[in-house]
């Protein structure tokens, strides 16, 4: 084992830089060189490599984003493109590849492994946290903090003006970010892709009216996962405004959720997973994700990470539904 | 002078609470009682008053929003409503009224003074900072910081993914927030209501293409004031994406700009203005705004604050236009 | 079960307010009243009770500290004082008591249970995180974030001035906070109470000299747990300055580690534990702590939480020792 | 004018990077090259120069510290050292020098000008804000925000535990940081170098006792400038604890005040001053500081900046003394 390559792929996630640092510093002690390709899989195909030395890693852990740059690259599903990547890796003398990214990136990693005989290891880095086999992915915790910090600010103006806000959080097809944000922000309602059936417009409107009746001066916050309601957050706000005759303000949080200094938890997770990825390679693993489950580092077949749906923690879902709006929706049980 | 009333009116602004604290603590030393009406002018009309004592003010300065609640209340333009307010103030024994708010609130204050013979004083509190006669308004500095903190986060993901973002900031009809955010965030372009003529779509598209050519890996950020482009930030992003064939991502910052802990500068300004408002009342002023110009507290006729347009600081506009994108748009002068 | 009492005790921890909210809202649905005693055990003895209703809980989750106030109260070790507390609880008709706090508070809870026949439940709330039987305590995650945010700032000035900083973090007898902060901040060295043997002054000085030789322009940060070195952080800084002839700056982080908005993780944990405490009481548990281990809520005999030493996660200790200063202390393994 | 050199000197201040960006981008348009010397004056003497191009400046504005590194360098007072610097500047073909720093750095700049015939311009960058002729210096506003953010956190734990904290802020011989922090944090007392006479121990103790009597549950915060009380913050805390028999906790804020992302205000100020420094050089100025007074850029003889004492704004001092502790020290005036 002389040279390991690393890429960051798909949507960037805070903590990716700390992960690369752990990879580089660990490999260096083992006498292994690390090379990074910029812009994920596309960078492999285009040969955009750069050697990375521990000296370069002194001050990267606290930075958001990824200094290696990332990219979405759907073309990598094609066999000819993956073969090109395999040839480039061979030409560069790479003995193993570490892919830090989400489910699309892991499909790419697995696809590559059909055409490249060397070891491929995935490290979960996605604010969506939707990879099966790991409790958490790098960037998720920071994204939740980013969202909640923004919602806390919105809560202050909402409270001052007695307003209803519909706040759209990221998550594409997964409600992890929405669920954690809703609990932490003590939201009055949440709408996540995994909830079945979704609350009806009528129920939501009733709830808002009840809240307004009980707390005419108060704020009301709905957390909505993106891509969920017809017309998104603007559609829902309009529907609810009509149904309740109370102005409901749409507020998409947008890309600030993705950026920013990684919090301590993400840096620590990233450091653990980075070091463990080198260990896994040295012990011969391939086509595996290095994840974190029940407070321990685990290895999971990479095909399992994206082929099975990862459910929300039902106890957290129940927790939020049980506590949200308890003071205007239910009677004291006694 | 036995009793002074205070309201916060219009959009809430961080620092309003620190201002109320200064009013209450200053008045108390003079033996004057302070009463607050909740929800701005509407609260006067509806008689929603509460006495405020210094003991209640111990921990409010660091809070965003306004504990007195605010509201927009266009009905107050009507004479009969203003007369009702005047009667309520008299019935409550109020000797003077302090209105913390923006231009709409000051119009309301002036309107009231036609029907109420007692003193009315305005304190500028608006994140738009569009009041003539004061360099700054309470909340403006914090709103700029809130916007720039969000843009810094977006910059990190933009840089990681080599993306173009069109970021919409608040400001309604004034570009102060946009201008300050653009300079502080080192934005590549800005579009503000006061700029005449606006940059054309073609010019903007050219600029983005030049930047992409010079920095294919780099981010590009446009600051756009709200209500400015047809279709807003989504319209501009779509137009630019088409014109450049580079995906331009829309990102409205939304209400988080308005919320959050006031920064130190806003708390200090709010404290100064609050104390000075009491002094102004004691010295007999009325129908005046207590503002801040050239680093000193000033008194300005309230009618002047909203009847004249407040220009942007042209030297700041020139500064941003001169520095933005200098490295891809202009040749080294030598 | 008609009435449950709750106290926050010992050093305050961010997230305690979110925990009380969960307790109150959960109990309310079961028809149980919640009463809070201010200032921990002292408040019970002095009868400082106040009923708490879900309506009071709308906006407390995002606040640091504890609105119920906390206190250290060593007198509670005395039998007569505990008996007084038991009598007060009986006089107030309390059916069960929830104690949110750390090891001293849990000793108090257990002590009380000798003289009071009703149920007593503990919820771990301590930034030291030194309670056996729970992976995390409320407040720990936020305290780590607070520390790391401060260290990130110090890193910037340290880097600008090429300085060595000795940074003292809280933890009394436990190195959890120091360990997590060291990893997240990519510290060059750490000194924790659990490390045996401690690094010698000579080794630390050698390390600093090596770092300075390799990176004459660079910063160097030592994380030191409080109460550990003779003379504390000032003593160590002086010793190292003498030994290395390089000025080493002492920097105790102090109480800002304890304060501040709880992060999302602490609010979620606090909400889970608060709800589970009510469930535990309803299912008849007593003299137990409701903790969190391997990502699940657990019940642990309260006597076990403070009678056994809780070890640091050795894999994290090894991780930090392996990565810290790798670029100036070890040769490339090849 | 072909080549201008820039250094950052003395204690680093957040915003210095944004200032360098403005210098570089402005100069580039004029066809002037910018060269930076690392580590301030020492770097000139040692010839540690590096050319700086606008392309390097894309992402520096939001960073704290100074990428050019800074240093304290008392040796520069010697004539032979200054002559060496002058020779090095000539050897490097430098036509003008910009020094970003505080009073010590400006003394150095003036000292250099005795031995070097080219233009020297100072830009105020110091969190102490103690330079005569400019209302604000780069870094001051951010340092106040850093301090107040930390004090807000300490306020929360102080309030939860009903504690007295003595908080030491930076400032060496100037109370600007302490004064602004005290007002913004609504401190109960402040001790600054400029106040004459200082409050006596007896008065401070009386005040704390009054506060405790009025608010037995409440917090009490004293802001103390560094280097002021015998034994510093620990000495004062001990003296007050003895005098009041109430534990007073010392809390030095330390170097986190200096670090961190510059706030928007400092970035804007830094950008204005950087551009204006180039203009000043092109118009022939030398031995001048480019400052900011009454909301306008001004030029001030550099010798005036450090030879006259800059007073605190007395209206702000009066404001704080008038409002602090009004609710436990004075009677309602009526």
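Here the chain labels run A, B, C and D in written order, and each chain numbers its own residues starting at 1.
As a convention for this text, contacts are C-beta pairs under 8 Å (C-beta built on N, C-alpha and C of every residue); 3 or more make two chains touch, one makes a residue touch a chain.
Keep in mind it's a predicted model, so treat the numbers as computed, not measured.
Averaging C-alpha coordinates per chain and comparing to chain D, the farthest chain turns out to be A. Between the CA-based centres of chain A and chain C the separation comes to 28 Å, rounded to the whole angstrom. Taking the mean of the C-alpha atoms as each chain's centre, chain A and chain D sit 40 Å apart. In chain B, the residues that touch at least two other chains are 152, 155, 159. The list of touching chain pairs reads A-B, A-C, B-D, C-D.
Residues 2, 18, 21-22, 25-26, 28-33, 53-55, 57-59, 61-62, 135, 141, 144-145, 147-149, 152, 155, 159, 180-181, 183-186, 215, 218, 261, 263-265, 267-268, 271-272, 275, 293-295, 297, 315-316, 319, 322-323, 326-327, 330, 332-334 of chain D are the ones touching chain B in the complex. Those residues of chain D lying in contact with chain C across their complex are 8, 11-12, 14, 38-39, 63-66, 69-72, 146, 150, 152-162, 165, 217, 249, 251-256, 258-260.
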